[in-house]
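Submitted below is the structure of interest, expressed as structure tokens.
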Amino acid sequence: MIARVRVIAVPAALVVAALLPALIPHPFVLTLATQAMVWALLAASWDLLSGYTGQVSFGHAGFFALGAYAAATATKHADLSPWLGLVFAALVAALVGGLAGFPALRLRGHYLALVTLGLAEIVRLVAQNWLELTGGPFGIHDYRTFPGLPAAPLAHRQARYVIVVAIVAASVVAMRALCERTPAGKAFRAIREDEVLAEMLGIRTTVYKLLAFVVSSAFAGLAGALYAYDVQLVSPSVASAATTSFVIGMAVFGGLGTVWGPVLGALLLFGLSEGLRFIGVVYNLIAVGLVIMIFVVFVPRGLAGGRRTA
Amino acid sequence: MGKEVTQPARLAVSELTKRFGGLRAVSGCSFEVEAGSVVGLIGPNGSGKTTVFDLITRLLRADGGRVLHDGERIDDLSTHEIARRGIGRTFQAVRLFRALPVRENLAIAAMGRGVRDWEGRADAWLERLGLMGLVDASAGSLSVGQQRLLELAMNLVIEPTLLLLDEPLAGVHPVVRRQIAETIRELRGRGRTFLIIEHHMPFVMSLCDKIVVMDHGEKIAEGPPAAIRADERVIAALLGQGRARDDA
Amino acid sequence: MLESLAEFAIQGIVLGGLYALFAVGLTLIFGVLDVINVAHGEFFAIGGYLAFAAIVVLHWPGAAGVAGAAVGTFVLGLGVYPLLLAPLKRRLGARPRGPLYLVLTLGLSTFLQSSLLAAAGGDYLRVPPYAGGVLDLSFTAVSHQRLLVLVVSIVLLGGLFLFLRFHREGLAVRAVAQNPDAAQAMGINLPRVFALTLALGVGLAGAGGALMAPLFNVYPTVGFPLTIKAFAITILGGMGNLAGALVASFLISLAEAFSVMLIPSEWQNAIAFAVMIVMLLLRPSGLLGGGGRR
């Protein structure tokens, strides 16, 4: 039953997403839809590391922010093409993610979460205080977005949406393939379930953990870059713990260890959260907190209903 | 070693020592496991048997001594490198990827050792051990006996050179016990080598070519089952289990 | 120079009292329940709000307000174990605890923080000092309010240590921290001890929030930076090690206080994180070694 829902729902959702600009040609809806896609990528990247590999990161806001700042500053100060900016952002985040992964080779569970939380907080402090580069508390703005887009506002939004959807979809498919169709994916699951046993069976757990860190942070950085080129403003608040909390909420909501579950969770939770803004700005995060608590305790498999839980 | 004609032992442990704080868990322990033999490692609880396994597989780092596999030192390798040399191990408390299906447990075991074309062998073992109908069940949902069999099967799909079994019969139904004993006997016939920790004496006595007895971290006896059965120190150590430290 | 050194030292010690109050509670919870309470800072904030409600809105005297806030957070804390942690524990059964508890308390943190925002708004609420005046030490002056924070922190922590050392329930808490299975076999009611420990830990945070209200003001996210700092402190002191947490609180607070001589003050908050990461790389078991029970 669940498998059938998956088979039908995912392609259907993708088709609807791809057609959205034609179905609802409205700038506000497109803006929200673009952002939802960015969140989906971030949630999927978190799931690869934390849901699949079991290395819980509380620092994805940091990788996201790193990517966003790397893209925005490189384009603003070095006039880097936004296309290369995407790659640059992913590389910067991957590099820092790899460095953060080193303690992870020795640390388990609690410690890792705490280190990554500290890392995100350091990113936030740097963003806030390195005025020349980051613009400080007010953030960085006035930089280019993707070149060659139509000038008319609506067409411009539509084109931007299509670009983001394409990149997000390709990234999610790539991550899913890595997790489901390669030896690395098996190693990720083995590490999550029992690291000692994995090692005992000949799996180089340190290498695969590092790989999960690098890939996950690279895609988180890519999501950050998409955010930067779409929103055209990056401020230190993107590195806040609320961002991480939001992402984890999405992943838990959708279903850990499935990659596509968190994508679904992100789209729904972002939609819910934006809907709640009409009632009052504060209610969206209350909902996020509630979703995390209820789903962790009572619906551990999330909406995706996957067999595997972290 | 020079150019000796004799084959080096499959596994040779010499002067192995491990301290935990002030306690000597394993102390100057030496023995050999000849290729194609089944060696039993027995002794009271807390005598250091499992620690020896942990030292051989490098889950623990020895404070002294050497471990040789086919004449090559393996005590400076890491756990996964040792595994890739074809050394398999089971655990006293069964270790499996409990949330994952049986089939995937086997796939990971084969992947970890870099073994290809394992499916046929896996199917044969699953059939043989009566797990064929359970390939899609999660490992954690199996009975204790089935879990022990799966743990064994995960080590068999890779055609190991040496298998370390830590209490393979603990908590297992007599029918499954017989199944495990038969499997070991058959594999020995095909030249596989075993080192087995086990408390179930009839099993040890009937199956093993040689028995190594440990007490308080030291080897106190070594020899064929008949000799071990008659050894007074062994009897004293095994009977004295009640007063032995129960710290393992 | 010497005078400013002394001044920084005093600032550091006062801040250390607060950190200790906060981090010892967090460590106690971790030591007994094996759960890191990511929502600890939100209970600090709740303490502040309760103090504001009692003192500014209801015009209670300061002491009664602080006591009321501590008791209020304690009572709230009593619900956390049975309502949130116990159901997750039941679901996971014998499986390793894993980091899901962290995710769960992160959810609680987000929920409480945004609920406070919804209920009280994002404004900084001011609470008048509980003690006016300053203590003149000739080279520097310390406000009575700061001294009060330090003294009350010491009294509360002393009380906690006495409770754990001599009271029947305190002994049960320590027994569970040592070995939950053995404690249960001895007839100790585990769920009760877990609930009580969690309430005690967050009660201390609530007391801290109420005490600091006149100095920090009160707003929904007031506690979160403290939570992250307290993580650094617990790691420095060794996870689950109460005495270690106490020592580490003062080490971090003094390092922060003296750091202003060397680095710009806006980087002060990074010290704790840097210490945390360095410690985790070099000596994960904490300064006093041994560390937690596993």
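Remarks
In order of appearance the chains are A, B and C, and numbering begins at 1 in each one.
Just so it is clear, a residue touches a chain if its C-beta (ideal position, glycine included) is under 8 Å from a C-beta of that chain, and two chains touch if they have at least 3 such contacts.
This one's a predicted model, so the numbers in the text were calculated from it and none came from an experiment.
The pair of chains sharing the greatest count of C-beta contacts is A-C.
With centres defined by CA atoms alone, the chain at the far end from chain A is B.
A straight line joining the Cα centres of chain A and chain B is 44 Å long. Inter-chain spacing, taken between the CA centroids of chain B and chain C, is 48 Å.
Remark: chain A and chain C have CA centroids separated by 31 Å (rounded to whole angstrom).
For chain B, residues that reach two or more other chains under the stated contact definition are 98.
Contacts from chain A toward chain B in the complex involve residues 183, 186-187, 189-190, 193-194, 196-205, 307-309.
Remark: chain B residues 57, 59, 78-80, 83-84, 89, 91, 95-101, 104, 107-109, 111-114, 138, 154 touch chain A in the complex. The residues of chain A lying in touch with chain C in their complex are 50, 54, 56, 58, 102-103, 106-107, 109-115, 117-119, 121-122, 125, 128-129, 241-242, 244-245, 248-249, 252, 280, 282-286, 288-293, 296-298, 300, 310.
Across the interface of their complex, chain A is touched by residues 36, 84, 87-88, 91, 98-100, 102-104, 106-115, 117-118, 224, 228, 231-232, 235, 239, 264, 266-267, 269-270, 272-274, 276-277, 280-281, 284 of chain C.
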